[in-house]
Amino acid sequence: MTKIISEDIFIVKKRNLKNDYYSLVLKPFSKIENCQPGQFVHLRIPSASIFFRRAFSLADTNAEKGTIEIIFKVFGRGTRILSSFRKSDYLNVLGPLGVPFKLPDKKEKVLIAAGGIGLPPLLYLVAEMVKKGYNPETIEFFYGGKTAADIIERNRIKKMKVNFHPVTEDGSFGEKGLITTPMEEMILENKAEKMKIYSCGPEGMLKAVNELGLKYGIEGQISLEAPMPCGIGLCLGCVVPLVKGGHARVCCDGPVFDIGEVVL
Amino acid sequence: MTPDLKVVIAGVEFSNPLMTASGCCGYGEELSEIFPLSKLGGLVTKSITLHPRLGHPTPRTAETSCGMLNAIGLANVGVDKFIAEKIPFLARQKTKIIVNVAGSTIKEYVEVCARLNDCEPIDMVELNISCPNVDEGGMEFGADPKMTEKSIRAVKKVFQRPLIAKLSPNVTSIVEIAQAAEQGGADVLSLINSLVGTAIDIDTWQPRLTNNKGGLTGPAIKPIALAMVDAVYSHCKLPIIGIGGIASAADVVEFMLCGATAVEIGTALFIQPDIPVKIAKDLKTYLKDKKLTSITNLIGKVRKYK
Amino acid sequence: MTPDLKVVIAGVEFSNPLMTASGCCGYGEELSEIFPLSKLGGLVTKSITLHPRLGHPTPRTAETSCGMLNAIGLANVGVDKFIAEKIPFLARQKTKIIVNVAGSTIKEYVEVCARLNDCEPIDMVELNISCPNVDEGGMEFGADPKMTEKSIRAVKKVFQRPLIAKLSPNVTSIVEIAQAAEQGGADVLSLINSLVGTAIDIDTWQPRLTNNKGGLTGPAIKPIALAMVDAVYSHCKLPIIGIGGIASAADVVEFMLCGATAVEIGTALFIQPDIPVKIAKDLKTYLKDKKLTSITNLIGKVRKYK
Amino acid sequence: MTKIISEDIFIVKKRNLKNDYYSLVLKPFSKIENCQPGQFVHLRIPSASIFFRRAFSLADTNAEKGTIEIIFKVFGRGTRILSSFRKSDYLNVLGPLGVPFKLPDKKEKVLIAAGGIGLPPLLYLVAEMVKKGYNPETIEFFYGGKTAADIIERNRIKKMKVNFHPVTEDGSFGEKGLITTPMEEMILENKAEKMKIYSCGPEGMLKAVNELGLKYGIEGQISLEAPMPCGIGLCLGCVVPLVKGGHARVCCDGPVFDIGEVVL
């Protein structure tokens, strides 16, 4: 049995979450049992101006219903066209792809660091942890955006009963500034505890989070983006340099890497 | 009766005319998670060089209209690690193994091919004398008939199995280069490699590739590749492996009608990695519809206008 | 302040850098039913030859991935009828008139250009030394530096206004040809013409073009054209008109960043005939966003990686 | 004012007429007042595998509603994708294009010769004639197809009260054979009358109809097809040889030509 499949699956639910943010629920995905948080799917967008597939992190899966969810923001041509798709349209999905997050020990404090459209894989990670019996009170959910409009799915996060720390650059929702400031405060206040960081978001943020982890010796993982022609390790188009030397492919050696592993 | 997809090239039998193109299937491991490699007639590895190469920094690919640019820069593990770590896996696959070799000097080509000659599971070597993505030479070999002939002749001395010369499309006359390769002793010709191209980010005003330019591939270039296969077939006796933008059984039929005995599929694997399996199936349907018993009935059968 | 789209090429002022490419706008009449031709910086006519030509039989175009093949075969009314019947209309249009000239001998080029020299409304001549669709010569001129230089020098003697040499991409080094054109006295370079390509009907096994092969154009070839403009700009002093797959303001910006002073739009007119009007509008918006006052600020400003 | 426009217009009605035959009604088309029978529109089909526009004859127009109708049969890639479009999707339409039919004298007997998917422009022509007060009894509507399934819009034809002569190659509906046989009979029976022929259909049929016209000295017009990259006379890709020598462009010198005018 192959581990990865490419198949046409249907949009069963489409939601416009806020402004340019959308959620698509798709089914039936044959490899639903293989999916883990941190993995992504590669979608083919049938249009004249789109040649490559586009990568989207799994934002959730539902094994009983056979559904997967992706959440995206309209960014360029591909996502614009994707946002025009409707319920009962189908898309060709290749996946699940990439190396998933390694779950923390149950005793550890977990710092989630989501930035902008880096949210989806972390939503899935936390949902999975809660489902697996992790205590949501040990999960500190930092989520930063430019402005209030970039903090989506607030109720979904609150429902998971984690400690929610929204941060916006303009202070229009939650704390004002960048998430690394309250994160560093949290780290300093809880020096005695064992902690793990999980992060996904814009490059600048990942860099800051990576440094934070290195500075305080906190282990954790970050999920990277890269241009991904194939998504499965064939083309070598998505490489990042490794601290130990050499290159790693973001699509199949990642997208999840340990803090301190890659040169950012 | 199921039509026969088997083809024979330079004495080597391929279960079907479909191979994966160099640089588009790594060393085969990843693709084997999508479908059994025995579904392929053959697999052509990423270009192997004498020493390991990291290639150019990211971004080294860019999307274009019906195609893509790449300037990977011949990233590969180097011949020694390739033989030690990649060949054992490849040897277990029930498909023909073609190793693509690149270099910046004739000496380098010769040295790599000499080592590959001792490596039993390898069925053929494909000489990449046409990569547009290295400054040190690659391209020049393929653009100059004399260098083409000389490098192939040198490699033929050290590599005893069939040798494929992979030709560059970035030339005034590919026929002239093909004839030089034939002269040098090549057993097979494969064409085409990518066309030099570039793309600019209009926000940053920077090229979309750190190498400033790269190679254009994918469906966009198919008509060019097809015309070159047609021209070479009309002027050369060597068997041809057609390459360039192949993404469907119809594309394979076009290439074979123009004279290709087999084809390599590259960029299409990135869009639809299991495409060779679908193409093999569609080819059988096509042959059945046309009441042909063997795919070899197609080779060179284009009915040109006078 | 609205940004200025004006560009000057060889002393001739164009209201914007957008021209329609030869063979893609006839002699202008049809396009004027879609939008006023004054919206164009310039219009380049279908290639004119000494004698009228019918061209090849239909089918002489074929659809390809993000592009098309054509083998029209230089169908045109011939220079005399052109001057008598087409120039009066063109002279009334508020746009620059560039007449594209093709021939199969240097003598033919010279004869046509001598007649055009006496025709006042013509602003420039573009010498098509690169058409892949005639057997008698066209292509060879553009593939050989010596012939390029010689033909341009001969025409310069009889045509007193600025002369554009239109280069073929079907060569090993377009820079070498560009330099030969410069040597011969060309005032401007335009590139690229179409790339040789073909397509086969897998039902009939016949080529999709009665000429068996044709020229590939459209968005598919844009990356190739762009790389050639970039290469020529780096090695030649002449102003460049960029051509190949242009279909949006972004495409125009890319060509200008790579060194083009103006562009010609061809195949895109078939898909969206009013595209030049939209592009002009979008270019203004782009310049405004970038806080640039003149489109000439873009020329050659690509920021290459070291 | 330009005569031709390119604009995005919406599908307001889609009908699957029979098997692979579809009708699309589109609006609002600005140039509705300019449209005449025999003219066509050039549709852009937004898809990765379709580069050229596709030509479709006007099958009807409704000036009050601002709608145009096209009728097509799924033939290749373009029409297959077109058949997947739905109500409220929009398409870019370029038109109206081409030279229309010249209407006959009101006293003349009119022989309509439609073959297969050549029906749409003739439907429009006859509807227009009826609207203009032509006596439908003088209109002989010959309509041939391979089999019964190819004779579409029968009620629509009958409602126009013309004399309907369906013909199928296999005899599964109407007379068996090719339409030129009953047409020739009709011509021979009505030698005294002045007649005009209007035809659109497959190449073989047009050839036969053209010969019929020449043989009996009956004037008329035929509407041709050709590969049409631009549809407006720019590319010279659609030419047909003329009997008097030289070439004509099917898109703008046609698609309607007089009987005896082109070399078929």
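Things to note:
Letters A, B, C and D mark the chains as written, and numbering starts fresh at 1 in each.
In this section, a contact is a pair of C-beta atoms (placed from the backbone, for glycine too) under 8 Å apart; a residue touches a chain by one contact, two chains touch by 3 or more.
Model, not experiment: these values are computed from the prediction.
The centroid of the Cα atoms in chain B and the matching centroid in chain D are 48 Å apart. Centres computed as Cα averages put chain A at a distance of 37 Å from chain B. In terms of their C-alpha centroids, the spacing between chain A and chain D amounts to 55 Å. For chain B, residues touching at least two other chains, in rising order: 64-67, 218.
Shared interface positions of chain A, defined as residues touching 2 or more other chains, are 48, 50-51. In terms of which chains touch, the assembly is arranged as a closed ring, every chain touching its two neighbours and no others. This structure has the following touching chain pairs: A-B, A-D, B-C, C-D. Residue ranges on chain B touching chain C, taken from their complex, read 64-67, 69, 143, 170-172, 195-200, 202, 204-207, 210-213, 216, 218-224, 226-227, 230, 245, 250, 253-254, 257-258, 286, 301-305. Partner chain D is touched in their complex by these residues of chain C: 23-26, 29-31, 33-35, 46, 54-55, 57-68, 70, 72, 75, 218, 269-274. Chain A contributes residues 46-48, 50-51 to its touches with chain D in the complex. The touching residues of chain D, when paired with chain C in their complex, are 2-4, 6, 44, 48-53, 92, 94, 226-227, 229-241, 246-247, 252.
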